[in-house]
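You will see chain A twice below: alongside chain B first, and alongside chain C after that.
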Partner chain A sequence: MSSKGGFTMPKLAIGAVALIALLATPHFLGFHHQDLLIFLTINVLAVCSYRLVTLTGEWSLIHAVMMGVGAYTVALSVNHFDLAIWFTLPLAGTAAGLIAALLCFPLLRMTQFYFLIGSFAAGEAIRLTWVEFVGVFGGTSGLRGVEAPVVWGIDFLDPIPYFYFTLVVVGICLLILYRIEHSRIGLTLHAIHWKAPLAESVGVNAWRYRALAFILGSFFVGIAGGLKVHYLGSVTPNQFTIGFMVFILIWVIVGGYNKFYGPVIGVVVLTIFDESIRSFEVIRPAIYGGMLILSILFLPMGLESIPAKLKSWFGSDSASDEQALSDQ
Partner chain B sequence: MELFLQSIANGLVQGGFFALFAVGLVLIFGVMGVVNFAHGELVMVGAFTIWLLHAQYGLGYIPAIAVAIVLVTVIGLVMERLLFRPTRADPLAGLICSIGILFILQVIAALIGGDGPSKQVPPPYQGTLVMFESLRIPYQRVFSLAISVAALVSLWFFLTRTRYGWALRAVALDREAAELQGINTNRISMVAIGVGTALAGLAGGLIAPLTNINPHMGHNVIVTAFIVTIVGGVGSLSGAVLAAILYAVFHTLITVYFGATIATISGLVLMVVVLIVKPTGLMGVRVSE
Partner chain C sequence: MPVLEINNVTKKFGGLMALDDVSFQVEEGEIRGLIGPNGAGKSTMFKNIAGFYSPSSGDIRYQGQSIAGRKPHNIAEMGVVRTFQETTLFQELSVFENVLVGCHIRSRSNLFAAILGLDRGLQREAEEKVAEVLDFMGLGERREQLASELPLGSQRALAIAIALASEPKLLLMDEPFAGMNPEETNHMMELTRKVQESGISIVLVEHDMKAVMGLCGYLTVLNFGQLLAEGTPEEIRHNERVIEAYLGGAG
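What follows is the complex of A and B.
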């Protein structure tokens, strides 16, 4: 842990090059791929906030619906009150966080399998509420007319300015998420995951920290939902089904959930992979499913573990031992 | 009143299906610790087999059900041997693998069935059983209910009266202790998933003439199975059967009077309430730590 803290010159240089590449990317892409890049950036926030929830070792199935809560909050606040994007995004996060805070009371009484199923049930009930109450939420066709705003003469309906905007928002959120994980709170969450009784015996209120992780994770995914609806201009219940939740789960697991950057690798690699097999149409989900199974069987710690594996194959034994120790 | 009686009768028939696939899910979870997300797709494969063999190629209904059961069981055994056994140490891995299988089975069904509207299988048994003037049950539903009950009773005999059944329950209670008694837990896992998936295949076969068949029908099945499993108490087979019947009647009644979406929302809320008030469900046993 301690060795990773400092920023060395090579790291800074790599970061700068990556940033410039990222800023330049949309200019070389077609319209369709610019769309994809924006959704990818939003999904990065979705998986990273999901990882915060899973730090305590509990896997929820409500995260996609929380993203929907954010999206619906934005759509409703724009349609009814015509709020500016500076207000709608924090509002989206706050709404998702509030719903999560309410759900803590029933859901966090459960753990493991029960929590998985319970969170799934709560999420599906919320989603079906959007389907059922047509007057407020527009039913299956959802809410429309949430066009991205024109601010200071910049038309955010254009993909490139919106991509930069998304990049800034997601970047700030990731920075906060990273700081949370490496703060006292994050360390406590890790402690609850690995040794809950021991953590409680030294005075940690495990329930409170699990609730905190759940609420914060929902807050950030609510913002992601808000970003999505501002770009799409509409929101429907079908965008946040268990199907999308499964994709979040897959991105996190295939990327590797032990490191902060694991889920980011997962969502980037799998989105590119998914795009590259677009021509297969019908059988695309099966290829995806097959990849998923292979990666679970042969790469259980995710894509982020590949460098360490390569190091242990080609490098000296002591290097791999060190890697194994720092993974603990 | 007429509608009420009729709904209860339909609910009981539904309860038979619900029990068949929920019991399978409970067996697999109990013995192997894996939440089989692809269970709904196994029911879908069973129903698709009936559509293909019976409705398209004219094979008899009963032989088609037999083929469906065998096919789904083989899929289950392959899943256990190739996916669940190597990942036993990590329950999450088993769940993710079953999601992968879910995608693959949906695609295979879509390829075989082609695009287009949902498929229908004409009911092989025509006519209606008239109990009273106000209560009529089509013979197809009577047949389904009878077969479901027969299958559940045979399962009960298997679990309580045979050595394999005892061994299976022992493994579900405590895997390590069962191994110490010389029980081959890998073989018992094969038996559990075999029985569980055979029931899913049977449920698919029975449901085929009564529903719209499409590659995504498994979603509703798995949602129902989760609700039934939780309400009944995870790991309790009798609880699952009881919950299946109660939930089916509950769901049918609310659907008739308030609509299907409200019925599913109430079911999900009911499940969350059960998880809060009595996490062990109707028949579950509290495990002391």
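What follows is the complex of A and C.
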């Protein structure tokens, strides 16, 4: 929770190098990998927004569907009203946020496993609406022909400009999510997670804060869904099944959910790993699964805990003391 | 006007009568002891006052206003704050952050101010409040430590500090002396008096008779969910029914 140390010179330098590397990356990649890079950037927003929802201690299974809400909103608003991307993305977030706000009333009466099941059921209800209402949502084949946006004469069908655009949008969203987590609101969410009755006894309306986290998380994943459909040009109900939801969970857990950047590490490392074992073909899923099991066995606090672990193995006694404390 | 009025409060759990038509009043500025053998209904009474339960019948009035059945956070906003049995703290947060959560009511930042960083003034005010409360409770030196690292006495002091940060007018303390050694008990008694002297009325549920007799001017005794007796510590000490309730229960 504590965020000690501001932006020191070395940190700034590392940040600048990372940014330049990130901006240069698509130029060294083939078409297929440029696509992958864009989806990875979008998935970073999906996991970071999910983290906000989990801050109150409640894990939902509706996040993937909320991403779909954003995606369908964009597809419909482009196909029917030809709205520009400046309007469609906020609209995608707002639609997901509004549906989340409505779902708060039944869902937030539940906690833990009941909330998990309740959110899954609500999500499936929404997803199957897309399947069943063929006239509006196109059924199982979804909505197609969503034209790529053209902004200031730049065609976003081209992966490189669209990657930069995605990077800016996701960057802004991440900054906002970070600010929320490190504000008093974030502290209150943590407090509700650990001891809701104590927080309530000093005047915290726990229900409202749970709702806030759920609505905001849905808002940002709605934008992620919108970014996806703008690039892909189509959306189907199959993109947002429980299967994709499980991937979000895996990325968050393997990356580590105790720090803001844990889920980011999770989604980046696992995506690159999955891509790097592509040549193994039939045994690729087995390798991927095996890697997940090993990672959770040996790094239960996530990949994010590797530096602290290394420090405690090779560092001085004081470093290992710090580790012991932070493990508690 | 009494700060707290309990009027004919009954609380039933199925067929079990946890509180049976209990009435008493707490005067402004006093430390009222609420005692009784285990299972007498003291904690149930606390939960009813603080809004964690709502009474099956009867009314609870704070400063003349009915608070029965309101939500805990509403009641806290009105100025009635409880502490919890044992060490209910945000164990994985620092002492400073624990008390900062307690400042919620007085300095709440809204979402947009928090994102844009416009809540700095509010934030500074809250931090000053935290520093003040920590000094008041003698925890100033420990502000960066994790709550889970504190010794028992300091953990209990921190629990009270969290409550004080919300600026209550009536503090409900649930067994703050349980498990303490004599030295810690003495220190906690001093702190409790200091809280009272700062103008906060206190209702104290406690088994430690030394602390209760030393702190409270007036006692309310519950037994099997009913009001058994009321009086000064001296009167209660010699009350036949109270002696029977305690010794009868033990024998």
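We take it that the second predicted complex is superposed on the first by the 316 of 328 C-alpha atoms of A that agree within 3 Å, B and C clash if a C-alpha of one lies under 4 Å from a C-alpha of the other, contacts with A are read in each partner's own complex, and residues count from 1 in each chain.
Note that a residue touches a chain if its C-beta (ideal position, glycine included) is under 8 Å from a C-beta of that chain, and two chains touch if they have at least 3 such contacts.
Because the structure is a prediction, the values reported are computed rather than measured.
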**Request:** Could you classify chain B and chain C on chain A, in the superposed arrangement, as clash or fit?
**Result:** fit
**Request:** Kindly classify A:Ser183 by the partners it touches after superposition: chain B alone (first), chain C alone (second), both, or neither?
**Result:** second
**Message:** So in the superposed three-chain picture, is A:Ile293 touching just chain B, just chain C, both, or none of them (first/second/both/neither)?
**Reply:** first
**Request:** Based on the superposed arrangement, let me know which partner A:Leu212 touches: chain B (first), chain C (second), both, or neither?
**Result:** second
**Prompt:** Counting only touches as set out at the top, which of chain B and chain C does A:Leu52 meet: first, second, both, neither?
**Reply:** neither
**Message:** Contacts for A:Ala125 in the overlay, against chain B (first) and chain C (second): which applies, first, second, both or neither?
**Reply:** first
**Request:** Please indicate which partner A:Val204 is in contact with in the superposed arrangement: first for chain B, second for chain C, both, or neither.
**Result:** second
**Item:** Degrees between the directions from chain A toward chain B and toward chain C, using C-alpha centres, nearest 10
**Value:** 80
**Item:** Residue contacts on chain A - larger count, chain B or chain C
**Value:** B
**Prompt:** If you stack the two complexes on chain A, which partner ends up touching A:Ile242: first (chain B), second (chain C), both, or neither?
**Reply:** first
**Message:** Under the stated touch criterion, which partner chain does A:Lys195 make contact with: chain B (first), chain C (second), both, or neither?
**Reply:** second
**Message:** By the touch definition at the top of the document, which applies to A:Met66: first (chain B), second (chain C), both, or neither?
**Reply:** neither
**Message:** Between chain B and chain C, once the two complexes are placed on the common chain, what is the minimum CA to CA distance in Å?
**Reply:** 10
**Message:** Quick check on my understanding: which residues of chain A belong to both its chain B contact set and its chain C contact set?
**Reply:** none
**Message:** Help me check something: in the complex, which residues belonging to chain A touch chain C?
**Reply:** 1-2, 176, 179-180, 183-185, 187-188, 190-191, 194-195, 197-206, 212, 216, 325, 328
**Item:** chain A-touching residues of chain B, taken from the complex the two chains share
**Value:** 29, 35, 83, 86-87, 90-93, 96-97, 99-104, 106-108, 110-111, 219, 223, 226-227, 229-230, 234, 259, 261-262, 264-265, 268-269, 271-272, 275-276, 279
**Asked** For chain C, which residues are in contact with chain A within the complex?
**Response** 50, 52, 71-73, 76-77, 81-84, 88-94, 97, 100-102, 104-105, 107-109, 111, 114-115, 117, 119, 123, 126, 146, 148-149, 162-163, 165-166
**Prompt:** For chain A, which residues count as touching chain B in their complex?
**Reply:** 59, 106-107, 109-110, 113-114, 116-118, 120-122, 124-125, 128-129, 131-132, 242, 246, 249-250, 253, 282-283, 285-286, 288-293, 296-297, 300
